[in-house]
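Both of the next two complexes hold chain A, though its partner changes from chain B to chain C.
Then we have the complex of A and B:
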């Protein structure tokens, strides 16, 4: 389980996260929702150990940050993070070299699923193909948790559908997925839990099935209620 | 250890094209220097000898104007220029090796930070890459010198030439003496000191990457304090208490001080990259 406990993050005097607390369990898809600047990406980066927090604790299966967390979680950012001159095949070799949990078979499957070209250079990829490569790199790791930052941001409808198909496939089964997205419609039916953020705080968190059955509302309905107040 | 070696290999490969270009420039430029130095000398000599038309004119020329030796090739821009260029490139690269990962077209620092290795391996791998590249340049120069010497001998007529060994030429030329010190202890001290400076800069960069604006000041302060610590034994035993220690003893104290600075730079750098540096 990913436990975010009373986490505060300040950039200078600005508080980006303010005593933020929530959990994300294995086998569930949890979505962090919020308008721009509410601290969604900072939260993912903090969980991935990429930005230190000012206060509070983040535990992955009960352990604080250490080098082994990257054997437990993969962070899939919304921007390219491999060198522009590297070809896709070089990137795959790089990952295979450094990550003991690299699953070459799954990487091959995803590579064909996304219809990528191994000789394409990272710097020449479109936004959609870059998102696919990032997904390939993250999902080919045999890790328990996957953090995805805006996987649908700025990409065409066909690529979005292809990426959404990944969620419906067995690739994220049994893993804990923590995702941030604006394009909630694409994956609303797949979500288990939603955490609504505002000004770095949790405004509301709920299981999607609960609000569907008890209140007959969708995630978007709840978003309207919370953010229009 | 395996990850560390992979990281060093990766870092060196990232700079390989520029590195080998610099090596190629050095080789071409230094051979050009040897050729031009000899060519100028012989042209001048031939001009004067031709006008005098005497069988002993060449000897007279050498007697009057002096002979040419291998060391004469060192003092040209063609010879020292590429060395300065390589040195400048390495100084520039000490900063670039970090900042390109944050400010490059793609933020590769995300991937580096997320590798399943102890983060201070990143710090040490970058430092080791710089050290290996510098030593690589030195190795290339050490290999080049005898070849250039052979080339010099091959194109210079015996009558004009003053023979000297490569070692003599290097030791007689002040800049080379700095680059390739004669004694092993001097070599270790010079390059150990240079490596320590790299570590101090690395740690200052990580202070900046951790605390941004405040980090710039902290980095400058850190560099200044390290500099003060390095000069403390010199100041103490050369200015305040002269004659208390022999030069050799002072040198060993300086070696120890340098090792302490290198040690705490690595410790602080390792701490910063693990707990404080941010993407």
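Then we have the complex of A and C:
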């Protein structure tokens, strides 16, 4: 479990995260929702140990940040993470050689699932295909938690559908997935848990099936309630 | 081969629990006879991939259907639709009653004479009109 406990992050005087608390479970898809600038990316980076927090604690399976955490989680940013002139097949070889946790079999499955072309160069990829490559790289690591920043943003509907399909397939297996998004449409039935952020605070958090059972509301309904106030 | 083909054209309604919608889908297919007594059904993981839903949701739907006696699983074998005729007949009855209740709820406020209503239903039932709503 990833536990974010009353985390505050300041840049100068500005509080980007303000006493943020939530958990993300293994075997579940947790989604951080909020408009741009609400601290979603900062939250992921803080969990991945890429930015220090000003106050509060983050525990991964009960442990505070340490160098072994790298073996437990993968952070997938929403920008290319490889050199533009590399071909997809070179990237996959590079990852295989560089990461002991690389799962070549799963990488191959994902490669076929996404119908990618191994000779395409990173620099020439569409945004949708770049997102797929990033997802392939992150999900092919044998880690317990995968953090994905905006995997659904700014890409065409077909790439979006394919990426959504990965979450329904066995390829995610029993890992904990934490994604951020500001576009919830047509993915909300895939999520286990939604965490609504606003101005660096958690405004609401819930299991999506619970809110449907108990209140008969969709995630979008709750977003309207929360963000219109 | 025996496993069913699922035509994954379910339009998810975001306000009802997805697992309930999955169960409703199975019940509809049982009631219509396209899922038969004892028929093998996909594994939880296969179902999630076919319907493009969260695997946890598929798991929950199957668990609920096991509890309702609609399906059963013997250790490592694939799950199957129950062979209990009473349960299967009950599903059909339940679906008919609930569809009828919905229909009556929406038609009753219009105060249509029963004779006229029955005549309309008779005429339209086999035709293309009037079927399906959301």
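Observations
Keep in mind that, in the parts below, the second predicted complex is superposed on the first by the 229 of 229 C-alpha atoms of A that agree within 3 Å, B and C clash if a C-alpha of one lies under 4 Å from a C-alpha of the other, contacts with A are read in each partner's own complex, and residues count from 1 in each chain.
The definition used in the following text is that a residue touches a chain if its C-beta (ideal position, glycine included) is under 8 Å from a C-beta of that chain, and two chains touch if they have at least 3 such contacts.
Since the model is a prediction, treat every value here as computed from it, not as a measurement.
Shared-chain residue A:170: touches chain C; no touch with chain B. Once the two complexes are laid over each other on the shared chain, residue contacts for A:125 go to neither chain B nor chain C. Contacts of A:98 after superposition: chain B is touched, whereas chain C is not reached. Judged by the touch definition given at the top, the superposed model places A:49 against chain B, while chain C stays out of reach. Contact with chain B, but none with chain C, is seen for A:81 once the two complexes are overlaid on the shared chain.
Judged by the touch definition given at the top, the superposed model places A:68 against chain B, while chain C stays out of reach.
In the superposition on chain A, A:212 makes contact with chain C only, not with chain B. Within chain A, not a single residue is touched by chain B in the first complex and by chain C in the second.
Against chain C, the residues of chain A that register as touching in their complex are 27-29, 164-165, 167-170, 172, 188-192, 209, 212-213, 216-221. Interface residues of chain C facing chain A in the complex, by the touch rule stated above, are 12, 14-20, 45, 48-49, 51-57, 60. Interface residues of chain A facing chain B in the complex, by the touch rule stated above, are 45, 48-52, 67-68, 70-71, 74-75, 77, 79-84, 94, 97-101, 122-123. For chain B in complex with chain A, the residues that touch the partner chain are 3, 6, 10, 14, 104-108, 110-111, 113-119, 275-276, 278-279.
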